[in-house]
Amino acid sequence: MKLVTGVIQPHRLDDVKSALEAAGIRGMTVSEASGYGRQKGHTEVYRGAEYTVDLVPKVRVEVLVADEDAPTVVDVVVKAAQTGRIGDGKVWTTSLDDVVRVRTGEHGDAAL
Amino acid sequence: MKLVTGVIQPHRLDDVKSALEAAGIRGMTVSEASGYGRQKGHTEVYRGAEYTVDLVPKVRVEVLVADEDAPTVVDVVVKAAQTGRIGDGKVWTTSLDDVVRVRTGEHGDAAL
Amino acid sequence: MKLVTGVIQPHRLDDVKSALEAAGIRGMTVSEASGYGRQKGHTEVYRGAEYTVDLVPKVRVEVLVADEDAPTVVDVVVKAAQTGRIGDGKVWTTSLDDVVRVRTGEHGDAAL
Amino acid sequence: MEFELDSGNTAWMIMASSLVLLMTPGLAFFYGGMVRGKSVLNMMMMSFSAIGVAGLIWVLYGYSMTFGTDIGGIIGNPADYFGLAIPDSESLMAAVGVPATVAAGFQATFAIITVALISGAIADRAKFGTWLVFAAIWVTIVYIPMAHMVWGGGLLGADGITSALSVPIDFAGGTVVHINAGAAGLALALLLGRRKGFGREPIRPHNLPFVMLGAALLWFGWFGFNAGSEFAADGTAGRAWINTLVATGVAMLAWLATEKFRDGHATSLGAASGVVAGLVAITPAAAAVDTYGSIAIGAVAGVLCALAVGLKYRFGYDDSLDVVGVHLVGGLVGTVLIGFFATDNAEQFGVWYPEGALNGLFYGGGFTQLLTQIIVAVVAVVFSFVVTYLIGLALKVTMGWRVSEDVEVGGIDSAVHGETAYESIQQGSVIKEIRA
Amino acid sequence: MEFELDSGNTAWMIMASSLVLLMTPGLAFFYGGMVRGKSVLNMMMMSFSAIGVAGLIWVLYGYSMTFGTDIGGIIGNPADYFGLAIPDSESLMAAVGVPATVAAGFQATFAIITVALISGAIADRAKFGTWLVFAAIWVTIVYIPMAHMVWGGGLLGADGITSALSVPIDFAGGTVVHINAGAAGLALALLLGRRKGFGREPIRPHNLPFVMLGAALLWFGWFGFNAGSEFAADGTAGRAWINTLVATGVAMLAWLATEKFRDGHATSLGAASGVVAGLVAITPAAAAVDTYGSIAIGAVAGVLCALAVGLKYRFGYDDSLDVVGVHLVGGLVGTVLIGFFATDNAEQFGVWYPEGALNGLFYGGGFTQLLTQIIVAVVAVVFSFVVTYLIGLALKVTMGWRVSEDVEVGGIDSAVHGETAYESIQQGSVIKEIRA
Amino acid sequence: MEFELDSGNTAWMIMASSLVLLMTPGLAFFYGGMVRGKSVLNMMMMSFSAIGVAGLIWVLYGYSMTFGTDIGGIIGNPADYFGLAIPDSESLMAAVGVPATVAAGFQATFAIITVALISGAIADRAKFGTWLVFAAIWVTIVYIPMAHMVWGGGLLGADGITSALSVPIDFAGGTVVHINAGAAGLALALLLGRRKGFGREPIRPHNLPFVMLGAALLWFGWFGFNAGSEFAADGTAGRAWINTLVATGVAMLAWLATEKFRDGHATSLGAASGVVAGLVAITPAAAAVDTYGSIAIGAVAGVLCALAVGLKYRFGYDDSLDVVGVHLVGGLVGTVLIGFFATDNAEQFGVWYPEGALNGLFYGGGFTQLLTQIIVAVVAVVFSFVVTYLIGLALKVTMGWRVSEDVEVGGIDSAVHGETAYESIQQGSVIKEIRA
């Protein structure tokens, strides 16, 4: 099994979710993250002291998939998250030794 | 070394922690996450506009372990997190190239 | 490509960021985490009921790098995050099958 | 006439003024909690800045332009009391022994809150500079004339356009404050257009306890608003106080019942909204109706406003925080229902009865008072909407009203005010520059 | 007797009424901050809804049933002033020139806060509908009789069961409000049973600044509660004000000292709790003791309540937010200590001294007043506990009190009210339906 | 002289006292929102505890030591009214018919807020125990003497060191409260030293809406502070009220303009800070200047304080929340500008004019009043700074002031108070021990 991880713009989350559903992926795990990269942050001033906030809000999306589905899922996520502007983020794939569904204890693809 | 990652019900965190301790695992990293899957979310209404909130609160647990301990740890986490109801979550294992303990710079199993 | 993940003391984040920049790494993803390990937590009391809070605040740093850079990056992060006191955290490396830059769809090292 | 100080009435009016002033920060929380975390500061700034802008205008020419010698039934003479140089003998509240400074202060707080109310219609997307300019112009050519017309002996007063019928009743500001702000909010909502994702994406309140806090401070302050409008500490002020308690509580329950019945959930946002709807509706009627009248007004306002907040989706105007649904509708409910419930039974209920006014339809007064109330309400709506629309239009083509879509999506707080409301992991790393 | 208005006393009583009303939203924050983030809205709704329910009942028959012609020493005649039709000459505060509407309004706020106080005992787990019904019944058959018995010339008043001994002293509501709410809270806590994880899992306050805010608003409002109970703006009101400042501050320090000594930490929750404990304890004694008496009462209340909040763990009843530990215990402390500290030294300290009452034990009055106070306190505890238990039981078997365990674990806010208090990443994706 | 009660003035003074007391919790939010989430509780505790400590001292010997028979122009006799045993005939406000208990209560709230203000200079790093001891000593040997010197007929009063020139004007406490707290804050900031990362790492406010809430409660309470300082409900109180509205609003706009011009952003923190700066500056002048004077004072205060908050970076003292930049500078601005704007035009503006004082420079009074004001201000700064520094030094070598660096980095709330302000995933797992 593979784990496809995407770090994307928060406002693209809904589209990614819908796109995955459309692609028949019934689950994912989402968490908040902050990104640092080419995308500029903003400036804040408190009583005359100015800071550059170079971390920008991102959302992490993790999808567990069967090996053969990985490329498609990567594709789906990339397409759905893309705005074409700096800061769109990254998507990467990792190989897993095993996946278990806690509720049933099922292993492997059956756990997805 | 392996990384065992579990996405579980928040209210099971304590039991998982205790179970790991019982199994002699002295460390873990925890973070907040939201899950999307079979488990139903809830409905919210604000001045007549109704939304379905399909993300449900989850907790991510990450445990670094020596290769040989991985299966046991997976087992321990699964058992401790299990309620048998939809939404219990997933546990997966990844192989790592290396682990370092920041404090000492130790590598490999010594770092755990 | 590799993914270097570090779980470090929150107040070391800035130094890690600068150190990575110095080492020519132009991006990273940061998220909040809580750690459990040798480091002691603190005690809280609410109307006479006392709890031990054994989770301590940590920050997760994730850096995608080309295979050859991985060791250096691990080094850089470890050095920058080190205070020499219990609780400094861990840094680990995972191999990735692929990385994609969402904005352009570029694959592999080009995506970093 | 010699001025004779009444320390009791004065004590009450100083407190009432303080209470009404507190309503504007209260509104900042009521509104601020309702928007998303990325624009709460901007929302609160629109209210706070209104205190500065409207307050300054008021003490310079505002008071005088409202209560100075009548000019054409539209405004008062700005020169009469410019800079609040008012001998106590000419105090607006001289008859009850309240000094000029206190009277002027009390009235100032009404101008302030009325402007602030409008900001709810343009949440998350308005340029702060344009807002400041709008506030100044609006107070001058909409609020002041309206206040003069109703309370300064102008066209909507006793000897105004309805003089052939009856004396209009607006005890504490149903027309001047709520219908006025509501109609103005509608005009701006139409001019500014919708926020990105309006009616499609969920734009939920980021902090409901803040909304509750705002509602609580508004309610508390409103006792000064309504009971203070008696200008004295007496039984009529007490009646206004009681009605401000009961009509509001009933409106809250009515809103909750409507939600429970329609949506299956009685929400805290509904409770807070019901509170404000009830306060708005009872405002013009505060001392003009008895216990039963206030219960009826509260119930009707709670149900109607709970339904009215949905209209913006049906008609597609983004009145973001429902200034129309709550203040315009609530203000109309109260103003019109006076025509049904006005009573002169002062003996038993301590109600107030303006010279020449008539009982409401249900109290044996026939249709005349009702008709009077409707006429005044309609004129107020039209005047406020038209003039506000013209001001807004002028600002749209000159300064512009909307921030860029990027700013709207990224958050108006950080882009416009250079701040974020709450601390988070996304924080400056090192101080870049200290301007000292 | 002819009614003669005193604008000063009336000004103060209108303000005092407003202050006391603010206490209920203040309580919503005091309680709301103490629960977990998933049930803060439900907690606040129990307080806000109490304003609507108790307020409505009060203006219809509540006031009359409390202060109308005595019926068997238990209640007043509901018909006398139904709907608050009260001529000023019959105003409860006619003697000091305060109109009937103002007097009725002031008393309404006491009924409201008393009901709201009880909700702290059943946090996180009560059905909202059952709460609303309970509130209505409880005000009617527990609060009103108690208030009549103590203040309406009933069994716990001057000519009541203790008439052979002395006149009971309850200046601002130690028995009527705090002992009453505390005993009722205990009854409900026992009836509803414990929350999942009680005494085992940490159930920590989700927002301590909100608790501090609540404590601050309660303290502020309490000046109206205590000093307002004089019904006039005079030196005795001033004494009540001073004691409400000092006893409260001392109780806060005493609670903090107790914590520091026992737990090693002086907490902000302790400070806020000490403030409320002090306010509760000084309530019945507010104008009946001098500076030293109020310091003593504050110190004793701070220490005893800090210890008492632990009892629920020892005896295993889940009085979630310590209505018993703070209000019942604090109310008893104040009511009983009057028996030690009551003084008639009005000349020097501006204290109030009810006709026929005696000095406390430490002020040369012997044991009589102490005995009187104890009797009244015991009767109040028993009456309130028993009747409340019966009401609660009836509701348990009919409507039911508890939400399901799933709802309790998942959060009562989202399940019952269809809301969550704060914005988060878990948010609706698209609007499913708009009901307009 | 026989005491004759004026219920109106008394009603106002009871309310004013309540308003001023509310300022201290308001300050807890103003300050608490400005610090990081890990030390907000400690920040709030410093304010709340001040109510307990200063309040207790006040009722025991504080009032008497301030307003008792003069001893050497420095203090009053502590024995005169120990424990607040004051016959009404000797009430500080007997002349206007306000009873002794009310007068004592009003004055208590001033002592309390003044101590609390200082805490802003030592945020995030002070031992709580040392703070409590400091508060007690400081009230006794700094606040009380200063208050006596200015208001108790001492060296800074009418017959004081400036008697040869003119009568100093400090209507509501520019010297006694703000210059005093500001100079004390500077002394402690120097003694305690800088926080880790000061001037390098961003130390941003963790919750700006709380800062706005604090500013709002301060403003609301300040009406009691300034208008209450008239001791009566009359036109002069009204003037103080108006000036407290206008100067404050203008200061807010001026601060925002300064920021916009210098930093490119008008911030909400700036708005809240401008509000407080304006309130501070108008305090001594509240009833001594007309509408134009208050506008000028507000504008100057807004600009100067906005610039002054940067000084701590330039000179490297960590006055964490700008007690110096806002209260010392603002207090000086107000106190000195009186010398330019003081006017005796009571007829038109209802201003107050102390027997023997002179008009300001711009109002034809020449330089005398200006000189008088400057002398008083300088003496106040020196006295407060020196004595406070000595107290702070004594505590530094005995109890110690700073918590360990680990505690500072980890958060003073959890280490010192055993609490964290907000619920989070980092929570206790199981209850370790219940102390009951």
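By letter and in written order, the chains are A, B, C, D, E and F; residue numbering begins at 1 in each of them.
As a working rule, a contact is a pair of C-beta atoms (placed from the backbone, for glycine too) under 8 Å apart; a residue touches a chain by one contact, two chains touch by 3 or more.
Source: prediction; values computed, not measured.
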Going chain by chain, each one touching the next, work out the least steps from chain D to chain E.
1
Any chains in contact with both chain C and chain E?
A, B, D, F
Given the two chain pairs B-D and B-F, which is bridged by the higher number of C-beta pairs in contact?
B-D
Inter-chain centre distance, chain D versus chain F - centres from mean C-alpha coordinates, in Å
33
Whole-Å gap between the CA centroids of chain B and chain E
46
Distance from chain E to chain A - Cα centre to Cα centre, in angstrom
52
For chain B and chain C, what's the span in angstrom between their mean Cα positions?
17
At least two partner chains per residue is the criterion; list those residues in chain F.
6-9, 11-12, 15, 201-202, 204-205, 207, 213, 262-265, 267, 269, 309-310, 313, 418-419, 425, 427-431, 434-436
Give the residues of chain B touching no fewer than two other chains, as numbers and ranges.
14, 17, 30-32, 34, 44-46, 48-51, 55, 94-95
Using the contact definition from the top, classify how the chains connect: line, ring, star, complete or other.
complete
Complex interface listing, chain B residues touching chain D
44-51
Across the complex, what residues on chain A touch chain E?
13-14, 17-18, 30-32, 59
Please give the residue numbers of chain D that touch chain F in the complex, ascending.
5-12, 14-15, 17-18, 21-22, 25-26, 28-29, 32, 40-41, 44-45, 48-49, 51-53, 55-56, 59-60, 83-88, 99-105, 108, 128, 207, 210, 213, 416-419, 421-423, 427-431, 434-436
Okay, in this complex, where on chain B does chain A touch?
2, 6-8, 31-38, 55, 58, 60, 70, 74, 77-78, 81-95
In the complex, the residues of chain E that touch chain A are 425, 429-430
